[in-house]
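Look at the two complexes coming up: chain A is in both, with chain B in one and chain C in the other.
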Partner chain A sequence: MKKMLLIGLLLSVCVFAQQLTIQGSTTVLPIAQATAEAFMDDNPAADITVRGGGSGTGIAALIDRSTDIASSSRPMKTKEIAKARENGVNPVANIIAMDGIAVIVNKGNAISQISAEDLKKIYVGEIKRWDQLGGGGTIVIISRDAASGTFEAFNELALHGAKLTDAALMLASNLEVARTVAQTPGAIGYVGLGYVSDDIKALKVDGILPSPETINNGTYALARPIFMYTDGKPKGLAGKYFDFVFSKTGQEIVEETGFVPVK
Partner chain B sequence: MKRSIIMVMLGAAALSFADAPIYGYFWLRYTYENPSQPEDVTSNANYFSIERGYIRWKTSTSPVSVSGTIDVSQASKATNKSDWNVRLKYAQADWTLPHVGDYLPDAKLILGLQKVYFGYVDRWEYPVLEKALEDAEKKMNSADLGVSFHTLLPGGYGEASGQIFNGTGYSSVTENNAYKAACGNLSILPIAGIMLKGSYWMSKKPVGDTIITQVDEIRYAGVIQFRKGPVTIAGEYLGSTDDDVKGMGYTGFAEFSINKAFSLLGRYDYWDGNTELESNAHNRVIAGVNWKVAKVLLTQLNYQLTQYENEERDPSDKIMLQFKYSY
Partner chain C sequence: MRLKRNTKEFIIKSILLFCALSSLVFLGGIIIVLFTQGVPIFGQIGFAKFLFGTGWYPTHEFPEFGILSMIYGSFIITFGALIFAAPLGILTALYIAELAPFWLKETLKPIIELLAGIPSVVYGLFGALLVAPFVQRLFGLPVGLTAFSAAIVLGIMILPTVTSIVEDALSSIPNEYREASLAIGATKWETMTRITLPAAASGISTALILSIGRAIGETMAILMVAGGSPRIDFSLFKPVRAMTSTIAAEMAETVMGSIHYHALFGVAIVLFIMTLAFNLIAERISYRFHKRFTATR
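Our next item is the complex of A and B:
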C-alpha cells in the first residue's frame, strides 16, 4: 500500500511538475533568481531553473529553443532576431525593470564624479592617469567581457561604438568587476546598479549619480531597460511567472535587488 | 580604393590573428555501397573516409572582422590513394559600413573568399550527408572569390545580398573567363518560421580550353522553408542555362526532432540536366537519423538511393554512417 502511495506521489510529481528555464544575463541573474524562488514558493508544482552565461548565451539558447526565457541586459540585435524568425522563434521583449550602469572606482580614489567625455577617453585609452582628472596614479581599466550585455550597453551608451582599449582587463561577471575594483587602487569599472555596494564608490556621470529616481526620470545617461525574451507572448507557466514579476510583490523584488521597477 | 581595401584586410588580420580562437569540425564517414551496382564503384565500396575537416578562426575588431576556414579532406575515393587535400574554403574580411547601418542593419562589404548566397546552398548545414541540390549537381559552388554587399532587412525580416565573383568556385585559383559572375539574393521572413528566398546567378564560361568563345551560364532558384517546434520542411526549385542547354530540378527536405538528441530526416531530389533530352533525369531519395550524442559529437545514419530515367542504367544505393565532431 505504501509502495502504491509512493508510486502515485512520484507519478503525480512527474505529471504535474511544470518546468521553466531562464538563461542569460548575469546582470539580470539576481532578479531572475529572486523572482523564481518567490514564485516557486507560491507555486510548489513549478520548477524553474535559472542559469547565467551572459545575454548573448541566453538569446542563442532561446533561438535554438533550449531555454524558455532569455534574460538580457541589451535588446536583441537584428541579426539575432532574423536568426530566431528563421528558426521559427518569434522573440517578444518583456521589459521587467530598468537599470543604470554605475561607473565605479576604488573607495580610496579622490575622484567622485566624471564627465561622459572623460569616461570615454579613459576607456579608449586616451586618458591613462588619474592625475589628468585631478586624482593620482595610474588608471586600471576594468571592463566586462565582450559576450556580456552590460559590455554592449556600455559600449553603446558610453563609448558610442568606439574601440575599447586593449589595456582593459575583461572580466566575466558584474560581481568580479565589483570585487576587482574594490581590491585595486586606481581601478575603474562599471556594473549594474544592483552590484553597487559599500566596498566601492559609484561616480556621478555628468553630475548625476545613478539612482532609481535619476534612471526613471531619464537624467542619468547610462540607463537601460532589462529584458526577458520569450517565444511569442508568454503563456502557461511562463505567463504566470510574468504575471508574478509584474505584480506588486514581483516589482518589490526588482527594487530589493537594486533595479528600478517598471510598474 | 583597391589599396585601402587591401590595407584594411591586411591590417585587421595582422592585428588580431594572434588572439583568434581556432575551432572547427571533422567528419568521419563510413560508406557501404551496394556491391551489386556498377563495376566502377564495387572496387572500393566499403570504406572509411574523412570527407571534410574545417579548421576555422575568427577575429572581431570593429569595424572589420576577419575569418577563415581551411578545408582538410581525404582525396576522393576514386583516386584510391592516401592523398589529402588542403585548401582554403573561406578567407574573408567583413567590413561593417558606417552610416549605412542606420538604415540597413548589419550592412557590410564582404571581401575575399566567401559564401555564395544562393538558393539553399548557403543555408545547408548537412542535416543529411548529401550536398544541397545545386552543389550535388555541380551547378553552383558554395564559396567563391570576390566582393559582396550583404545586409539584413530592417526588423530582422530577412536579408539581401549582391555579389561579384570570379565564378569558378573556391577550388580554382583564377577565373577562366573574361567576365565576372554576378549573384543576387533576397530572403524574406514574413512570419516567424516561414522563409521565402529567391536567387539569381549569371556568368559566362568558356567553351573548351580557350576563352575566345563564351557562353551564358545562368542559375536561378526559389526556396520556401517552414520551421516550427520540432518540424522543418523545405523545398527548392532550381533552374540552369548553359548556352542553349536548360536544366531544371527540385528538392524537398523534412526533419522531425523527436527530442533534443534524436531527429528523423528525409529528402527527395529530382534533377534533369537537359530538359530537351528524353530519359535524362535522375532522382535521389534519402532517409536518415541524427543522434546528437554530445554537444561536440553528432552521429548521422543515411540511406541514399539514386534512380535514373534511363532504364539501361542501374539504380545505385549506399548506406553512410558519419560522425561529426567539433572542437
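Our next item is the complex of A and C:
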C-alpha cells in the first residue's frame, strides 16, 4: 500500500513536471498554439497550456509566477523588469521570431509607397488628405486599440512616442483592421505581416516592401522581435520546447503562421 | 409531527429568502468591486479631469485619462438609436395592442421577442458587414463605421424592449376609456391618438427610459460598428467611441492594478451610475402610472 502511494506520488510529480504554461500576446498566440501542438505530438507526456490576454498580461503572469513562459510582442519595460526582480524572477528574453508591421491601404488607392515621415504625419493628424501624397480623397486613419501589443509596437516604431490623432478609428483586432481597409477606399491601417492578403495593398515604407528578408536584415523600418520570456534560461520541459521552436520544424511553423523565422 | 412540519416550513422559507436575497448580495459584490477598483483613479487624476478631460491616451508614456469623448459617444449612439426605435416601436405596439387580429398579434409578439434573443455579437457582425458598408455608400462617407451605423444596429436591438413595454402600457389602459370615446362618436384613429396614447404616456416614457439604460450598456455590437475614435465631432456620421467598448477592448490587455486598469473601472462606475439613474427614473414614472390606473378603476 505504501509502495503504491509512493509510486502514485512520484507519478503525479512526473505529470506535474511535464506541464508548461504559455501566456501573453494575442499576436504570438498562433505561433504558441501551433508549436505547442506539434511539440505535444512528439512528446505525448508534455501538457502545454496556451493562453492569450495580451503581452502586458503575460508579463504580469511571469512576474507573479502564474505562467512559465510569457509571450510578448514588445520588450519588457524597465518598470516590469524591476518588478520581476523584486519578486525574485529573472526574466530572460528569447527571440523566437520576427514580426513586420505592414502598412496597408485599399486596393483602389493609387499610392504604393510612403515615407516613414509622412506615415507619422498621417497618424498624428498633420496630413488629412491623400491629395497631399499624390492620391485623392480623405484619409481614413485606422489603428488598433491602445492596449494592444501591435499598437504599442506601431506607436514606438512609426510614431516614436507621438500621440495618435483622436480621429483614428480604434479597432479590436488585426482582422477587423484588414477587413475595414479592404472595404474603405480612403483607408490606411497597419497589421502584422501575416494579415496581409490579396484584398489589401501593403505599402513600401521608405522604399522597402515588408518581406521576410527585409525584416530580418533590418532594412524594413517597422519590424519587431517576438519574445518569449522565461524565468532564467529555459530548462527542463521549457528548454525542450525552445529547442523545438528553434529547430527547422519549429521555424517552419513560425513561417506558416505568418511570421518571419529567425534561424 | 407538528414540529416537524414547522421545521420543514422554516427550512423552505429560509431557502427561498436566501435565494431572494442573493441578487442583493450579487449587486453588493459588484458595487464593492467597482468602487474599490475604480475610485483610485479619481484620486490619481482628479474627478473633474477624468470626467471632463478629452484626451484618452491610456498607454502613452504621458498618459491621459479623459472620458468626455466616450460619454459623448455613448450618448449620441443611444439617442440615435432611440430616434430610430421609438417611433417604430411605439407604432408597432399601437398596432399590436389596438388593431391587430388575435392570430397576427400572437405571431408578431414572439417574433419581436426573438429579436431580443439574438446575441449581441451577431448584431455586431450584421452591422460591420452589412449596415456600415451600406451607410458608407448611401451617404458617400469616407468610412461606414460611424455613430449612425451603430445607432441603427442598436435601434434594432432595443426595438423589442420599446415594443413590449409600450404594448403592456397600452393593454393596461381600461377598456372603458376606449368605449367611452367610441360612444361619443370618435373614430378608431381619434380614440387611439387622443385617448389611448396620451393615457399611456407615462408607460411609454418608462419604455423609452428603460431602453436608454439598455442601450447605454450595450457593448459588443457597438465595439464592432461604431469605429472607436475617442473624439467629439457633434456629427452622427463620424466614428465614435462608447464607454462600454473601451472597457471591453482594453481590459483584457491591461495589467491588473495599473492606473489604466483603475481608469477602466472608473469608466465602469460612471456607466453604472448612469444606468442606475435611468432605471430609477423609469421605476418612478411607472409607479405613478400604475397608481393612477388603480385609482381610476
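Here, the second predicted complex is superposed on the first by the 246 of 263 C-alpha atoms of A that agree within 3 Å, B and C clash if a C-alpha of one lies under 4 Å from a C-alpha of the other, contacts with A are read in each partner's own complex, and residues count from 1 in each chain.
Methods note: a residue touches a chain if its C-beta (ideal position, glycine included) is under 8 Å from a C-beta of that chain, and two chains touch if they have at least 3 such contacts.
Just so it is clear, the structure is predicted and the values come from calculations on it, not from any experiment.
With the two structures aligned on chain A, chain B clashes with chain C. Within the superposed three-chain model, A:88 lies in touch with chain B and out of touch with chain C [touch as defined at top]. By the touch criterion defined above, A:111 reaches neither chain B nor chain C. Touched residues of chain A were counted for both chain B and chain C, and C has more of them.
In the superposition on chain A, A:163 makes contact with both chain B and chain C. Contacts of A:124 after superposition on the shared chain: neither chain B nor chain C is touched.
In the superposed model, A:209 makes contact with neither chain B nor chain C.
Contacts of A:40 after superposition on the shared chain: neither chain B nor chain C is touched. In the overlay built on the shared chain, the residue A:54 is in contact with chain C alone; chain B does not reach it. Remark: of the candidate stretches 4-12, 22-30, 58-66 or 238-246 in chain C, the one overlapping chain B after superposition on chain A is 58-66. With the contact threshold set out at the top, residues 146, 161, 163 of chain A are in contact with chain B in one structure and with chain C in the other. Interface residues of chain B, counted against chain A in their complex, comprise 60-62, 105-106, 152-159, 189, 191-193, 195, 225-229, 260.
Of all residues in chain A, those touching chain B in their complex are 65-66, 77-90, 146, 161, 163. Those residues of chain C whose C-beta lies close enough to touch chain A in the complex are 54-61, 69, 128, 132-133, 136, 142-145, 223-224, 227-231, 239, 241, 248-256, 260.
Remark: chain A residues 26, 52-57, 59-60, 137-138, 140, 145-149, 151-152, 155, 161, 163-164, 166-172, 176, 179-180, 183-187 touch chain C in the complex.
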